Amino acid sequence: MLPPIFGVLFDGIAYGMLLFVLSVGLSVTLGLMNFVNLAHCAFAMVGGYVTVTLVNTYNWPFIATLPVAFIVTALISVVFERVFYRRLYRASDLDQVLLTIGLAFVSVAVAAYFFGTLQQPIPTPAFLRGSQQVLGLGLGNYRIFLIVTALIVTVLVVAGLEYTRFGAMVRAAVDNQRMASGLGINVDATFAITFAIGSGLAGLGGALAIEIVGLDPSFSFTYLVYVLIVVAVGGLGSIAGSFIAAMLIGISDIAGKYYFPELGAFLIYLVMIAVLLWKPSGLFGKR
Amino acid sequence: MRKSLLLAGAVALAAVYATAASAADPIKIGVIAAYSGQFADTAAQIDNGIKLYMKQHGDTVAGRKIEIIRKDTGGPNPDAAKRLAQELVVRDKVDILAGFTLTPEALGAAGVATEAKKFMVDMNAATSIVTEKSPYIVRVSLTLPQVSSTIGHWAATKGGAKKAYTMVSDYGPGLDGEKWFQKAFKDAGGEIVGSVRMPVANADFSAFVQRAKDLNPEAIFVFVPGGAQPAALGKAFAERGMDAKKIKIFSTGEAVDEAALKAMGDIALGRLSGWHYDYTLKSKTNDAFVKAFNAMFKRNPDFFAVGGYDGMHVIYEALKKTKGKTDGDALVNVAKGMKWESPRGPIMIDPATRDIVQNIYMRKVEKVDGHLVNVVIDTVKDVKDPTHK
Amino acid sequence: MEKVVTATPEIALSTRGLSKQFGSLAVTQDVTIDLPKGVRYALIGPNGAGKTTLINLITGMLKPDGGSILLGADDVTSLEPQQRVTRGLARTFQINTLFPSLNPLEAVTLAVAERRREAGEFWTSLSSHAESIEEAYGILARLKLGEVCYQPTRQLPYGRQRLLEIALALATRPKVLLLDEPAAGVPQEESGDIFEAVANLSNDLTLLFIEHDMHVVFRFASHIIVLVGGAIFTQGSPAEISADPRVREVYLGTRQHG
Amino acid sequence: MADVPLTPRAYLQAQSRWTPVEIAFWLATLLPFWLLPDYLSLASQVAITALFALSLDILLGYAGVVSLGHAAFFGIGAYTAGLFSKFVWGAPLPGLLVAAIVSAASGFVVSLIVARFRHFTLIMLTLGIGLLMQEIANRAHWLTGGSDGLQGISINKVLGAFNFDLYGYTAYGYSLAVLFILFLCARRIVHSPFGLALRGIRENWTRMPAIGAPSRAHVRMAFTIAAAMAGIAGALLTQTTQSAALESISFGRSADVLVMLVLGGAGRLYGGLIGAAIFMVARDQFSGIAPQYWYFWIGLLLIGVVMFLPNGILGGLSALAARWRKS
């Protein structure tokens, strides 16, 4: 029998995992392309709506929609990358901010137009509802599923980066773009594919998030702040950093609420400020 | 058809211009609401209520056409609401102000209503003070103290709970809910064993639920804003092993609204709530309303929609009584004490406070024909806002 | 070359046992130097010898792991870079580190205004600071930048930008000036202009410059420090250095300079 | 010297001289009084937002310091003005002054924390501090009224003579006058030695210490000045609308003002003014057409500006003008 706080911490880990899947793509694109993509959560929202549509309109099983959410989001994002983002890789941060806020604005309106402004609940399959009793703790099935999924994603992403040729090219490009293109790496294509995968992961995160935080057109902005916090705390371009940061935010949020509820919403901001004052480029940031 | 109507209107308008403002002029109603942003769905449902009422009752009252001008505040922006109200009055020459998704919007516009002597109908904003800010305001929605004090009293008496814990979102409406539930619960002999205030934008409730569980209360009172939070909170209760069938979980209506029940599923069974409207309320008026609403918008109405619908009712009836006169004093005078049968049951505008007087229904989530619904288990009649003296 | 040192030279800049590690790599090892006032030193060494790192340590852009830096008699080791500048220690950068959209007049006026402690004044108009402007223009004119001083820096030819590097440093009225490859990347025919400008600097000024071109080094330096692997390999007069066979081996031998 | 037409001093003087376009711009700001009297309350909020954007321009456009939490100071000014009128004195001008002092002091305190950081770290720190301020304002319900907004604000007549009327004549006149006066101050600041130092910081953060510049002290000063101006803008909003609410201190307002400034073109003083006017008028018009979907059109506007007019509207226009002159 474990004291109840462990159950609470378990929830924090699950929440952190969700944040990780949502934010890892942004961290990589920021680290790799130095592109301030404030429309990242708009891509996450795309994934969410893909899942909602498939489940509610076409009666797909929830699990089967997840890969589709990833792929559709990745494909849509690569179109945007080719049409808009690519032209601004060398532009100032401010132009990038303006463009991507513009895209996020448009995404909010388009989502409201097609799906309405209401929350989009989805019926999750029975085996993801309810909870398991482990050592006296009630662990929510969906949270277990979330942790497992996020861990699989993490393993795939890390393995992809460490052990594939493409991963090596991405790492080379993150380290030193000029040298990478000097070595004959097609940096442009590397960017595009990385962007697509990063956005696809956001789309997957958006789909996974429906059960925990819901989905409506304001999703593009609501979770942007949390995602940015994870990226900043973890350090740009660092997958391990994003992972640790997401855990830190998830756990400190939950533990803080349990022990010091009066700190409430302050806690994650304070954690971020403290981390940045200590390590300005984040826990695992370069430099 | 529409074209000829338009033409007729134009001709009428031209005719009227010669004789200055007269009976054939359209009556303009400015609707101020948060059509965009986080509260967009609230505004959309209010708007749906307005549209349905106008469809059912025609767009002409006392021989004058009704024209709606919509303005978006984007959220709880008193400055935007005040500016929009000013513009509606000076530029669009509206006769009546209506809408108001959120309290700050209503408070922002109240001064304009007073200064311009315009009748103002609050269709949603639920903080008690709203109606005190201008003598031209009537409210057709609800006030949080009205609902939460009713729940508090009921929980301690008929609900049979002696020890309660409160969990509310840490902002105006939540604090109102906490204060009035606790007051009524204690006045009726109950004891508050603890309370927690949760951040307004909160995604994960398990820590707060665990805190509540640690104190082992007989009943819990919950207030969270509508949207994604009700379902998240409901799931947290289930995951932390708090079965609503065993422990009495009370809340206002948002926490067990249609979307929340759908997202929660069976774990919502047994949840208790007090509220003034639900689309499943059994009455002839409501059946017809729900049917018509579904036919027009392909979704069920909620309390926002009823607010918009009843708001239009007050406007139409008041205009009928003044014979199309739009003078603010005249309209507010005839609105005072107005009684009618709303989809939510019999309601009245309190002549003294211009606030709504209505039934509060105590409900329990049950499964009916395979669907989760809030079944009315008790009705507290003619409840007034407890804060007005 | 003129006479080198007097009997008891006044020391303008010295370092004592300066060292710095990057990870496991020792980029600066126990560097102790003394630069007498008015002397022109060249700092040479093969690529990666830690020359720029040494300048960064002296100017405070990097914090040393050990050792100290003295400007005149004062220990400046704990001072911020800008505080060292106000005490008379200026530098230029190997890679242009300028203000791309300011023009030379604005840039040098800024440097002068900072020195005169006028740059915090937000209530006065810039054009009312006649003395600062005249002084800035004087510096620019001396470096033959007068006629381009209204053009944005980014539009200037590269050689002019190198001169502007020096102009900015001079505007701080340094006692000690560290020049990091002042003619780096400049075509041979233009580099003469730059070293001519260097040569014309006041004789009171203590100079330490990094340079690869040995012709230039032997022509302008009165003293040479050879840095290898972050440590001082040897130092001496140009004649001594050029005669030292070990220097030929580690440094001259590896490069094609004469 | 022959090919240099101006002496250096005359050249710098010419840089800060008023151009006919500028004079025309300010004369045009008077036109709404006669041409668009129905739009004066919008015009007054445009003027207030323009002042807010101008304050951010000093930080972002001149010093290159990006802040995503600038609404903190706007909100502090707004609440200070509201509380001052409630508890002390309803006179508008003293209210502005008090708001300026309080927000300047807060700006200085914040600058002590953030002045040593740049880029993404700085953005996130300012964002975090802004969110903290918003949450504090929400939690300090007893003082600020929380999410219902501050109650009991009462503002006297401006200069004891002009009542805030329904049409917004007083509101616009008052806001415009304050905007103009602070614009003159901002103009003086950017053409001062300090303004030059800020541009130096923006252009090259590494070089500044090498010319002996105390960059952090400069940034602290810029932050304080910008906070004071933002606070005055917030106070103006409180006074002209007799309301102060959490929205005034929210992340949304910080993000909006950044977008407006970048849209107009940062680092040109007028960029914030033009950006605020275009953004707010476009929003007003688009949401008049379809209140749910104005985001769509504003979004398209932003995307279009980035694609076709880099560096904002003014930046793009001046680039186009330069190309025109060349050909």
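Assorted remarks:
Labels for the chains are A, B, C and D, by order of writing; each one numbers its residues from 1.
The working rule: a contact is a pair of C-beta atoms (placed from the backbone, for glycine too) under 8 Å apart; a residue touches a chain by one contact, two chains touch by 3 or more.
From a predicted model like this one, the values you see are computed outputs, not experimental measurements.
Among the remaining chains, the Cα-based centre furthest from that of chain B is the centre of C. For the pairs A-D and C-D, the larger set of C-beta contacts lies at C-D.
Chain A and chain D have Cα centroids separated by 33 Å. Measuring from the averaged C-alpha position of chain C to that of chain D gives a distance of 42 Å. The distance from the centre of chain A to the centre of chain C, each centre being the mean of the chain's C-alpha atoms, comes to 48 Å. In whole angstrom, the spacing between the mean C-alpha positions of chain A and chain B is 36. Counting only residues that touch two or more partner chains, chain D has 135, 139, 292-295. Shown for chain A are the residues in touch with two or more other chains, namely 108, 112, 117, 264-265.
Under the contact definition stated at the top, not a single residue of chain C touches 2 or more other chains. Chain contacts here follow an irregular pattern that is not a line, a ring, a star or a complete set. Every pair of chains in contact is given here: A-B, A-D, B-D, C-D.
Contact residues on chain D toward chain B in their complex (touch as defined above): 38-39, 41-42, 45, 135, 138-139, 141, 145-149, 151, 166-168, 237, 241-248, 252, 287-288, 291-295. Contact residues of chain D toward chain A in the complex are 60, 66, 113, 117, 119-121, 124-125, 127-129, 131-132, 135, 139, 251, 255, 258-259, 262-263, 266, 292-296, 298-303, 305-307, 310-312.
Per the touch definition, chain D reaches chain C in the complex via residues 1, 3-4, 6, 8-9, 11-13, 15-16, 188-189, 191-197, 199-200, 203-204, 206-215, 217-218, 221, 225. Within the complex formed with chain A, the residues of chain B that make contact are 36-38, 40-41, 43-44, 170, 196-204, 206-208, 210-211, 213-214, 227-229, 231-232, 235-236, 238-241, 259-260, 262-263, 265-267, 299.
Considering their complex, residues 30, 36, 84, 87-88, 91-95, 97-99, 101-110, 112-113, 117, 225, 228-229, 232, 236, 264-266, 269-270, 272-273, 276-277, 280-281 of chain A touch chain D.
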